[in-house]
Structures are given as C-alpha cells and as structure tokens.
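Residue numbering begins at 1 within each chain, and the chains themselves are lettered A, B, C, D, E and F in the order written.
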Amino acid sequence: MGSGRPEEAEAVIIGAPFDSTTSFRPGARFAPQLIRQVSYVLEEYSPELDGSLEEVRFFDAGNLDMPAGAPGPALSLLREAVAELAFKPGLRLFLLGGEHLVTLPAVEAALAFYPDLCVLQFDAHADLRHTYGGEKFSHATVMRRIAEIVGPRRVYQFGIRSGSREEFRFGQENTSFFPYEITGPLETVLPELTGRPLYVTIDIDVVDPGYAPGTGTPEPGGVSAAEMIAVVRRLSALTIIGFDVVEVCPPADHSWTTAVLAAKIVREALIGLGSR
Amino acid sequence: MGSGRPEEAEAVIIGAPFDSTTSFRPGARFAPQLIRQVSYVLEEYSPELDGSLEEVRFFDAGNLDMPAGAPGPALSLLREAVAELAFKPGLRLFLLGGEHLVTLPAVEAALAFYPDLCVLQFDAHADLRHTYGGEKFSHATVMRRIAEIVGPRRVYQFGIRSGSREEFRFGQENTSFFPYEITGPLETVLPELTGRPLYVTIDIDVVDPGYAPGTGTPEPGGVSAAEMIAVVRRLSALTIIGFDVVEVCPPADHSWTTAVLAAKIVREALIGLGSR
Amino acid sequence: MGSGRPEEAEAVIIGAPFDSTTSFRPGARFAPQLIRQVSYVLEEYSPELDGSLEEVRFFDAGNLDMPAGAPGPALSLLREAVAELAFKPGLRLFLLGGEHLVTLPAVEAALAFYPDLCVLQFDAHADLRHTYGGEKFSHATVMRRIAEIVGPRRVYQFGIRSGSREEFRFGQENTSFFPYEITGPLETVLPELTGRPLYVTIDIDVVDPGYAPGTGTPEPGGVSAAEMIAVVRRLSALTIIGFDVVEVCPPADHSWTTAVLAAKIVREALIGLGSR
Amino acid sequence: MGSGRPEEAEAVIIGAPFDSTTSFRPGARFAPQLIRQVSYVLEEYSPELDGSLEEVRFFDAGNLDMPAGAPGPALSLLREAVAELAFKPGLRLFLLGGEHLVTLPAVEAALAFYPDLCVLQFDAHADLRHTYGGEKFSHATVMRRIAEIVGPRRVYQFGIRSGSREEFRFGQENTSFFPYEITGPLETVLPELTGRPLYVTIDIDVVDPGYAPGTGTPEPGGVSAAEMIAVVRRLSALTIIGFDVVEVCPPADHSWTTAVLAAKIVREALIGLGSR
Amino acid sequence: MGSGRPEEAEAVIIGAPFDSTTSFRPGARFAPQLIRQVSYVLEEYSPELDGSLEEVRFFDAGNLDMPAGAPGPALSLLREAVAELAFKPGLRLFLLGGEHLVTLPAVEAALAFYPDLCVLQFDAHADLRHTYGGEKFSHATVMRRIAEIVGPRRVYQFGIRSGSREEFRFGQENTSFFPYEITGPLETVLPELTGRPLYVTIDIDVVDPGYAPGTGTPEPGGVSAAEMIAVVRRLSALTIIGFDVVEVCPPADHSWTTAVLAAKIVREALIGLGSR
Amino acid sequence: MGSGRPEEAEAVIIGAPFDSTTSFRPGARFAPQLIRQVSYVLEEYSPELDGSLEEVRFFDAGNLDMPAGAPGPALSLLREAVAELAFKPGLRLFLLGGEHLVTLPAVEAALAFYPDLCVLQFDAHADLRHTYGGEKFSHATVMRRIAEIVGPRRVYQFGIRSGSREEFRFGQENTSFFPYEITGPLETVLPELTGRPLYVTIDIDVVDPGYAPGTGTPEPGGVSAAEMIAVVRRLSALTIIGFDVVEVCPPADHSWTTAVLAAKIVREALIGLGSR
C-alpha cells in the first residue's frame, strides 16, 4: 500500500506500531505491517466510488520506531513526526495504529494546524475514562483527553456499546454521543459537519467481532463490515484532514480478515479524497 | 467473572468441564475456564440494561472435577452439586458448559425444586434423538430426555435449523417448536411464560458460525451475535431460575470471540436479574 | 460426503485439488479433503427442503491427482476426467475446488454436452481479466475465458464487488452483470433461466469473510452465509447440470467454518436435485 | 497410506478414532485421518532400510466408526474388528490411535491368537494405575490391564518418565521396566525377545514435545525423533505381530510434524517387515 | 498448580502478568495463567527426585494486578507484594513471569532480606545493556540493573548466546559469565555457591526454540528441554530462596509445550526444596 | 534485515517469493517477507564469530515480483535479476526462497561468472529426480538440473535422508553424496573446497522438524538447529559467492521459529564473509 513522491502527495501514510497500554491482548504493534501486506489482495479500483488508488497522490512514510513501555516518549515521537510529515496545506494524514492512544498525538498535531477541528470516532468503547489504572494516558482515556483539547462538543462518537456508567454519562452530557448505531446518526449530523476540518478515528472493534476478530478487546454486537465500509464511503463528502484505523491485533487475526477490512477502509478513504 | 459471598448470593456460577459424548470436535471442557478469562475484556456495566455486575450478588463456585469417559458419573456429580449449591429460594443457577448434555442434570435438580418448570432452548440443533450411537445420554438426545421429565409441551425450542426428519417431526408434534427464528417467536410466547419458573439453555451454535466459530458442530445460517444478545436482554422480563451457555469449544475459538460472546450473554443475564 | 454406486448415480462428486495460479494465499488444494471431512457435522436431512441426502443417488469419485505448477496439464486432466465421469444423460457434476481456474475445464466439458449452456457465477471478484501476470489461464481470467466459449451474455455474474475498472466495464457491457447483490437480481432472471441447462459456480469469497474467512483473497463486504444458502435452495427450481464450490482455503480456515459452509451449500444443492 | 488387496496382505492398517477417556486435551480421534493425509510428504522408499512400501503387501481397512462416551462399546467394536481383520497367519496389525486405551482390545485379540505374546511399550507415562478417576478402563490404566492379561513380566516398558510413585513401584517390581531411556535397554533385551511374538505400542509422547508437540499430555524431557525412528528400525529384527502408534492429537499439531513423525514410524515398521 | 495454607508454607507462588517493555512479541502477561492451567498434565510425583508436590507446603497467592504501560508502578507493586508475601524465614518465592523485567523487584526484595544474595541467570540473552531504547528499565537491561545492586561478580550467567559486543564484554569482565553452555559451568561453580542464598532466574528462551517456541524473542541454538530440567534438579543441592521462570509467551505457544516445560521446571524446583 | 548502498555492497540480498511447484504444502512465497520481519529479534552482533552486521556492506534489493503458475517466466525473471544485481567482482548473492527450484536460475547466473563453480547442498531430500509429475523443473528435480550444468561431481550433498531408490543410487554414483550427516563429512571435504568459488544452498528441512516445523515437506530425523548454525559458521572459511535459504513455509511456522532460524543462518553467513 502506497507509492508516489512525498513532495506532490495529497495524503501521507504513517504506521504507529505502539500497544504498550493495551490492557488485555497486546499485538496491535504488528498491525501497520500486516495491513500493508494484505492490501495486496485488494484491487486499486473501487467500483462503488468509481475511483482508483492510481488516481490518488499518496506517499507511504513507513513505520515510526516507537519504543515500548511508558507511552510518553512514543507519543512525543509520533506527535513530532506527524507535525513534520503531515498537516501541510492540501496534505492529509492516514495513520495506521497501533492501539487507540496513538490518536491523541495525531489530533494534537492536527489541532495546531486546524484550530476548529472536529473529531469523529467510530468505536465499540467510549474511551472516556478520566484515568485508567491510575494513568492519564491510556487506550481507555484517549477520547477524554481529546475532548479536553478540541472541546467535548466537537467529539462525535458513533456506535459506542461499551463503557462504564460514568463514561456513558459523560458522553451523553458532553460529547456528540450516538451509542449503538452509526449510519442513521451520521446522516443526521452530516450537514453540520460539511465543510469543517475533520479528524476521523476508526477503532476496528466498532465492527462486530464476527467480521473483525483480530482486535485487542472484542465486544460482541457491533455493525457489519459492509456497513462500516459504506459509512467510510459516505464520509468522502466531508473534509477529512486526518484519518486513522486503530486496534487491529494481528496475533488474534488468524485469517487476516480484520487486516484486510482495515486495508479496504483505508483504500475507500484514500480514493474518497478524490471524489469530493 | 464472579465474586461475592455464597450465603448472600442471588446467583451461583458453576463450571461443568465435560465433553465426552461430543461426536465431532471435542474441547468444550475448556470453556468454563476460557469464558472466565476473557470476561476481563467486558465492562461490569451494561449500558442497554443500565445495570452493573457490581449490583448483582453472585458467587462463582468454580469448576466441578468431572471425569472423562462414560457420562454417568460426571452427570451424577453435577446433579448433586447443583442440588446442593443452587435452587434455594432466591438463588439462581448460572451453568457454564461443557457440552449440551450437562443441561440434563441441571434441569433434573431444578425440577425437584420447581415442579412446573419450563425449559427454553436456543440452539441450531434439535437434540431430540431418542438414542444416538446406541446411547440414551448424549448431546444429541439431551432435549428428548428433558422433554421426558418436564413434559414435552414445556420445552420451548428456538432457532432450530438442524436435525433428522424424525427430530423435526417430534418437535413439531410435541414441543413448543420454533425452527429457524428466535426474536419473533419469543415475543409471541412471552405472555404465556411470564411468571413461570424457567430454565434457559443457550447452545452457542444457535448463533451463526461467523460470530461463534468456536463450537463443536458449527451449523452455517444462524442468527447474529447482536440478535442473540438482544434476546437475552428480553429474557430479563421473565422468571429465570436456571441459565446455561454450552458448547463453546476453545480449541476452535482461535480469537476467543466465541468465549467473549458467551461471557457477554452471561453478563447480560446476570444483570437482567436485577432489572425485573 | 458421498456414497452409492456410480452406474445408478444422478450426481458425481469430483475433487480438484489445484491452486497453482493463486496469486496471494495458496492452499485451496486441500479443500476437497477438508470439505468431505467436516461434512460429518451436518445432518443428511435438510429441514428447509424437507429432503435428505439418503434420497439422492450420488457417487463420490474422489480427488484427481493434479500436478502443481503450470496449469495446462492439470486442466487437461480435469477436463478429461469430467468428460468421462459426468455429463452423461441424467448425471450432474459436483466439483469441489481448488482455485477458480478449475471451473474452466468443467465448463468446457459441459459445453460439449450442452451447447446452449448458461453459467451462473456467485463471486466477490469479476475474474474477467484478459490476462493476469502475462498469463491467459488464471483464477483472475477464468470467467473471461468462459465468456469466450459460452458467449458472454450467457454468463450471469452475481455479487461481484471487486475488479479492475476494465473488468467492471467488460461485465457491464458483455455479461449478465449484477454487482454487489444476489437475491434480488436472481429473482429477476429466474424466469429466463428456467428449463435451460445451467452450470453454477460459487466462489466462496462471495460470502463476507466474517462467515468465510478461509479463502485465498478475502474481500470484506459480502453477503451472509444464510443468504447464500437460501440462494442455493432457490436454485433447486432450475436445471443445474454442473455445480462447483471453489476457493475454500483450509490453511486460512482455522475453525473449519468455511469448509462447513461449503459442505452445506453442496448438501442443499444435492438435495435440491430431487425437489425439482 | 495404504493400498493392495486384503486377501494377499501381510499387514492390515486400521484406524481407531477414539479419545473419550482423554483427561486433558482431547482430539486423538482425528489422528488416523491426519496421519494418512500427511503420509503423502514421505517417500515410499526408506534409504536406511533400503526397502520400499511398494514391496510390502499391506491393506488399509480404513477407520472404525467408534462411538464417543463410555469406552465399553467402542472397545468391543475394536476388539471384534481386529479379531476379524487381523491376526491370521502371516498377517500383522498396524493400528492408528486414538488414545492409548485402544491398545487394550488389540492386545486382547492378539493374545487369543498368540498366547505367549509379549508387549513392548514406548511411552512417557507408565499407564499403570489400577483405576483412574474411579474407572478401570482409561488411557492411564491401559498397561495395568494389559499386564493383567499377558502377565506383568511380559510387558516391557521403555522411556517412562512420568507416573505416580505407585506406578513406578509397580513397574519396577512387576514389569520389565526401563525408565527414561530406550536405545540402551532395548539392546539389552533384544536377545530374549528374538523369535517371540511381539505387540509394539508407541505412545508418541515418548518423544520429546519439541519433536512431537501434537499430543494430549506432553511431557518435556523425552528422546529425539531421530532416536525413536532408529529404534523402530532396530525392531525390524524382531517378530512383530501387532504395532500401534497412539496419542497423536491433531488439534495440537499445528504444523503436522507429529503426524508426519507417526507416519514415518509406521512406514519404517511396515518396510521393516520385509527386512527380516 | 498450588494449594495449601499460607501460614505454614515453605514456598509461595506469585504470578506477575507484565510484558510492557517487550520489544518484539508481547503476550508474556498471559503466562502465569497458562502455566497453572497446563500443570494439570503433570504428575505430582517426580520419579527422578523421588519426591512429590504433596510433600511440599506451598501456597499459590495468585496473580498480581499489574498495570500495563510505564513499568514503574507495576514494578513497585510487585516489589511490595514480594516483600510482604515472601522472604520470611523458611519461605521461598516462586515467581511466574511475565517478561524478564519482573525479576528486578523480586531481587530487590530478596536483597533486603539476604544481603549476600547471589543471582543465577539461565538465559539466551545477556540482558546487560545499560539502557535500551533510551530506558533504564527494560527486559534488555534487567541483569545490568541487578548486577548494580547485588554486585556484578554475584551474578552468574549461563547459556548466554545473544547480546551486543558491549554486553558480552561487560559480562566477561564483570559477571560470572558462562556463555553458550550450562551443565559444565554449573558443575564448576556449584562448590562456591553451596550454602549461599541464591535467587535463580530462568528465561525460558535459554532452551532452544525447538523445545520452547512460545517465547517473545526466540534465539535458535540453545540447550534441550531435558538438559534444562536436569539442571534444575541439580540446583536442588543449593539454597534457593527465590526462583522465577520468565518470558513464556502464550500467544506463540500454540501447543502449550513451552508452558508445560515451565510448569515442569517449577515442579522440579519445588520438589527439590524437600530433597536438600 | 539489510541496509547500505548498492554500489559499495559486498553482498546483495534478493527475495524470491515463488512456490508454484510445491507438491504438498505451499506458502514458501511468504518466506522472504517473514524472514526479514523476524530478523528484528536477532542482534546485529554474533558472539561466536565476534563480528557484526554493521561491519558488512550489504544491500537488500527487496523481493522480485514472480508470477504464480508455470515456473518458466518466474525463473527467467530471477535469472536475469541475479545476473544484473549480483555476481560482479567482490559481490555475493544472498537469496531468500521460495521453494527450492529458485536455486536453479541463481546457479545458472553464477555459473556464467564462475565456470568452475561447486554447489554445496544441505537438505533432507536429494532433489535428484529426472522428472517429477512429468515436469523437468520442480523442487524435486532441481539438484538434478544443477548437476547437469555444473557437473555432478561438483554437487556436494549433505544430510540427505529422503529420496527414491533411484535418487539415492544417482547420488551415490554421481554426486559428492553424504547422506544423513553433515558435520563429519563437511570436515572431510573442506580441504578440497578451499579457495574454490562455491554456491551454498540450504533447504531448511535439513534441520529436524522439531526445530524447523515451518516447511513444506517436513522429514523427521534431521540435525539440530545448533548443528546447522555451527556448520554455517564453519563455511566462513570458504569462498562463498552465492548463498540461499529455501523452503521456509510461513503458514506452517506458527511461532516463527523456522523463520528466525533462517534469519540467523543468513546473519552468520553474512558476518562470516568478513571473517575470511
């Protein structure tokens, strides 16, 4: 996945192989590599969008060398890399996680460039805890941190079906909170999002584990792969300046179907850039 | 999964690691252990039920030490354990199989306490054979044995999509038989079940193998995980005195998604106790 | 799967363990063996069709010994075996692939017997390339080759959701091309197909990888297993003289659910013969 | 593995797919099938023995249809099949387990034909318990049962490295007991065994789990695959009238190397018949 | 594995499910659980030591709840737990990792009780880096940290076959450094170790990946499982006050053979306590 | 694995992802990718050779894009790539297979540059068939083809333990044939090989499947990983101008240990260049 020259690119792909705060099943660090590898099974052409990767000028910057352990150094490194490589005029970020915490530095870097940024999260989990295991920076707190910096009303949460009572209460009171469903709520808010700079983060576990078994914290009862792909195509009507897919966990993705799904989501999002 | 003091419990969890009559792919013996292990990925709180495991007084009695081979000794042991540990006033059984045959001694013990018991079965297979491979006690005969002791009309079968012609005929003539579907038929019979003591047995293979690959005899064409979870929540309106999930087969559950589904079903059922 | 005497058979099963042109994940060569092995989990009786395998006179001719490497010799061998074993009056072929290229010699042999043959393809991929990697004979070109010999309008393609722009254009202009969907378009064309000799080829990847992870080139976003099985039952109204299931890939089918799905598809198709 | 006409055979292969008393990891029921399948990777020719399977007249009688559950019926069925198919003059049995308990009916049938039979066991476990879990017939008691019928001194045990203190005491006092090692003790007893009718049973777990991971109760610290194969070749100097390989467990044999090892052991034993 | 009352115990087992600094393949956090589970395949009796677990008074304190991410909090928690639970007079620690970094707080706690402590390390890797990825506390620096607190000459390193040039130089100059081999060097130093309080740490990757594939950083070319087990038995002549097995990685231990090896090592060490 | 500038390189690494003639278990096409990926677990430094990859000037040219199916085009492409990229003065080839047939075009290209080339093969299988399945170019005929072009006496075969009677006869009469063993025979011929241009081909299945389970045709009874690594270090005394490792099969290498072994073999060979 990926080709082209950096200086002409309209999109840059960065891999963020980090999973140190994963609380259950680690391994998301191997996702950027596997997503690229399996993308070979997909055509360059998307019949639904009638567009092709060949018509998108994107550049794959490879994976960052993120140290394991305490998240601080790894997140700083990612923030700086994103600030340097992406978020120039006309250039969008496509980030391959890694665990969900990698979204935080990407949003921080985006916010410096787009102060009126909104964030769209598709996820089974609210990720709205104030702290988790005593730590402020965790896959379980990442959207709370993001809500703090972009403003809670600017965080749109779709498909959430797991969290503590406190997280659900916080979401209902503070974020644009749409639990359980995706397609319907998205149609509702599309008008208010049109034309605004958006960062989209897709935790692959928003899709039911039947379609996406290879993830760290599978949560039964989600949407189908087909619905999620259709949602991504629908997003092509919007102004996406950053996009990530996180929480693909290769050691649990025995048939690679979760990684292929992630690759297809990225393909549709990349091709969707040109359809606007 | 599980904590609390036995003497105050309103529910007791028992693991039944037995799979000796499994005719195709054994391994359900490892299910109680894996279901408990993976339950760690789930929150205590159920947003749909707006209740939490913390608000349920349940006690995990651990696994029984069931011998492999002939089913007689293992079933007797289970019957006695259930009679001793569960089915006291205000105390419900939550049984983790094991193969489906473990439901028989649990129902026998329940029947001694609740003579007007009805049994609700959610399953891909009718399990209504008179004998199987010459044996009366088998995962393939278990519901026939149960129909003999609780009375056939008191067995409600949902979602059945596999069986011999004789089993289907027996079901249509003798049990409350609802093949292929679950949600619709359940709504139909909810009124007649309300207020009666019920034992619920969920063979995880009622769910399509896409969502529940880790089972001994996968049968393509079932309901989604989301539908089954919603059905369990709907059951919280009823008077459930016993509940089991059987036929999770860890050696075929490479990504643990079947075990997580079973754990979520048990969580919703436990929390549902309090919502009545 | 399979028993009976060849001379009285109304259907013959042949395994085609070939996968040498597979471009991504090989292993379909092991599918005929695994499909037979797992068919043990299925009942002989189909409740939806109210028929049983015991009422079908079919014969399992085993697997051909197809050499790996260049496809020429293997395809010749298959063409000759099919011509010799099947396509006698009243005898239908049931072919277990192998990769999709094995359909070509089977159709060639069928065409010699049924000059007005139509071919129904259920597949995620168009398989309509003129050449692939410089080769004319490949899993990616097989339907183009078939369109050349049966006539393009006689190729009916259902559920196609992947291909190059050229393949989609070719399909839209030349074949009976029904992308993305199956059930609706099939109902539309059933009248025109009734009574004509038909060869049905099912690439298992037409089903979403959630239900069929064990395949060489998984393509997220397909139909459910339940829909595909229902479609096969619907086909029993037609005059099927040849039927294959291809692209099951056992090394990627860790829980055997894809192979069980293929076995159930074959069971319903075999039993469907008698329901006409 | 296997071909030829039964009436001329000097060896008959029988599969015994039974594992119901397995106490830890079941699945040995799938071994006969997998051993045959993977035997394809082996040449017919053994360079060390300078002989070929083509020069041995053996017949594969396939697998018995052994019911799961209580061992009684399955063992009776096996005893009768072995008595009928094997142990005619000049005809040897090659049995593919299944769990170790299948050796008992085979030895019973052999004993009827060869009253002065000796049994050679290669195993990590003594299998000398009087009862196990309250049962007399179990993989853990099988050699005790055999010692009772052939006479304890006529049981030769090699490589034993696991058992209870009582089993070790029983072995040291009653059987020809050679713990930990194989090659040295075998050389010692070869003279006394020469010319006597022998039944050889190889529990694959005698080999270290490094070489044979696919077994039900792996016991670290065993011999190498190379040593075990050499031992089998050495046995060709003896009069073997029955031979089995048991406890290969395919669900734990992810790379099929244990099954290939079993297949090679059987190949060397079969070819060794002709070298005497 | 484990039973008994804490107040009478001569050994306490603690699980340390931590792997956050793992640089390649995470998952060691699941090892304490799997080692206990698979210990069921082993007998209580060790024939080589002629002793039984039943004769050892040990207590299993379960697993600590160690947070993922930065190692500081997890290591503090472990240090305190060990200090509280173990290292009382007559009480030894048996620690189940987790990654190798968990050895550090255990040694720190031991050192407070036994100021003249020596540490014996069996490992493929020197783990002697000053820092790794900029961090002082890592699986790759753990023995350097330990050398700093117990004194480098008091660290005995056996079987080391991987490290940087600097690590090898440091080892050769500062520790009791025995690369590549175990048995020979151990015999050499046994006299000088006799009677001194010893902490033994076994990184399972000291064993060749052929015998121990389930580890985070497999290094081909190590000792056999049999040799390592024999070494552990030899250690029973010494005064071991702490003992750990680390770096078993269940997600890579598909047949559980690595976990069984770890369990057997712990069994022999526990039983060895009584043989002194 | 790999870095440096091509124009200064003393070694070039090329991946050959081809496996179309594999007769049993395909998947070697994925080996070059996996070997590079897992090489991350290894240090740059080899303590036994006291040398480091940092001191070798090598360049990784990546993988060739080899078409599946008939071997002709893929082999031509490889021959041309090798001729262009390697075999300049002072430049050696390191080839990562792929199946064993990829060795043929590499030797052809080498022979054009070094007419007095000798070939050293380490392999479980003789690969000396004249044809296989009717084909001249196959993994089973590759050494016969090579013997035809370099001259049979110039092919040195070590460790061969499988083949037809004809292949063993051909080897004994025509090649420098050393079955079963490696280290001893290699020492014998080292003097006659010294100073001559050598191509070394290592089929990973020469190592016992216990250490190298991830291969297409495992053959029990081989050497240990440690012995093979020591042999590679011994080869550093010779003038190696080409070196390959073939037949690593990732789909069967569940714990990646075979790929790590291949990576370590390549590391030692690369570092060994500098020690001459």
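Heads up, the rule we're going with is that a contact is a pair of C-beta atoms (placed from the backbone, for glycine too) under 8 Å apart; a residue touches a chain by one contact, two chains touch by 3 or more.
Note that the structure is a prediction, hence the values are computed from the model and not measured.
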item: Intersection of contact partners for chain A and chain E; value: none
item: Contact distance in steps, from chain C to chain D; value: 2
item: Taking each chain's C-alpha mean as its centre, the one farthest from chain F; value: B
item: Interface residue overlap between copies chain D and chain E, same or different (over half shared); value: different
item: Inter-chain centre distance, chain B versus chain D - centres from mean C-alpha coordinates, in Å; value: 40
item: Inter-chain centre distance, chain A versus chain C - centres from mean C-alpha coordinates, in Å; value: 38
item: Touching two or more other chains - residues of chain B; value: 25, 208, 210-211, 254
item: All touching chain pairs, where touch follows the definition stated at the start; value: A-B, A-C, A-E, B-C, B-D, C-F, D-E, D-F, E-F
item: Of all residues in chain A, those that touch chain E in their complex; value: 19-23, 25-27, 29, 67-73, 133-135, 137-138, 251
item: In the complex with chain E, residue positions of chain F that touch it; value: 40-45, 47-48, 50, 52, 208, 210-211, 224-226, 229, 254-257, 260-261, 264
item: In the complex, chain C residues that touch chain A; value: 24-25, 161-165, 168, 179-180, 208-211, 213-214, 217-222, 252-254
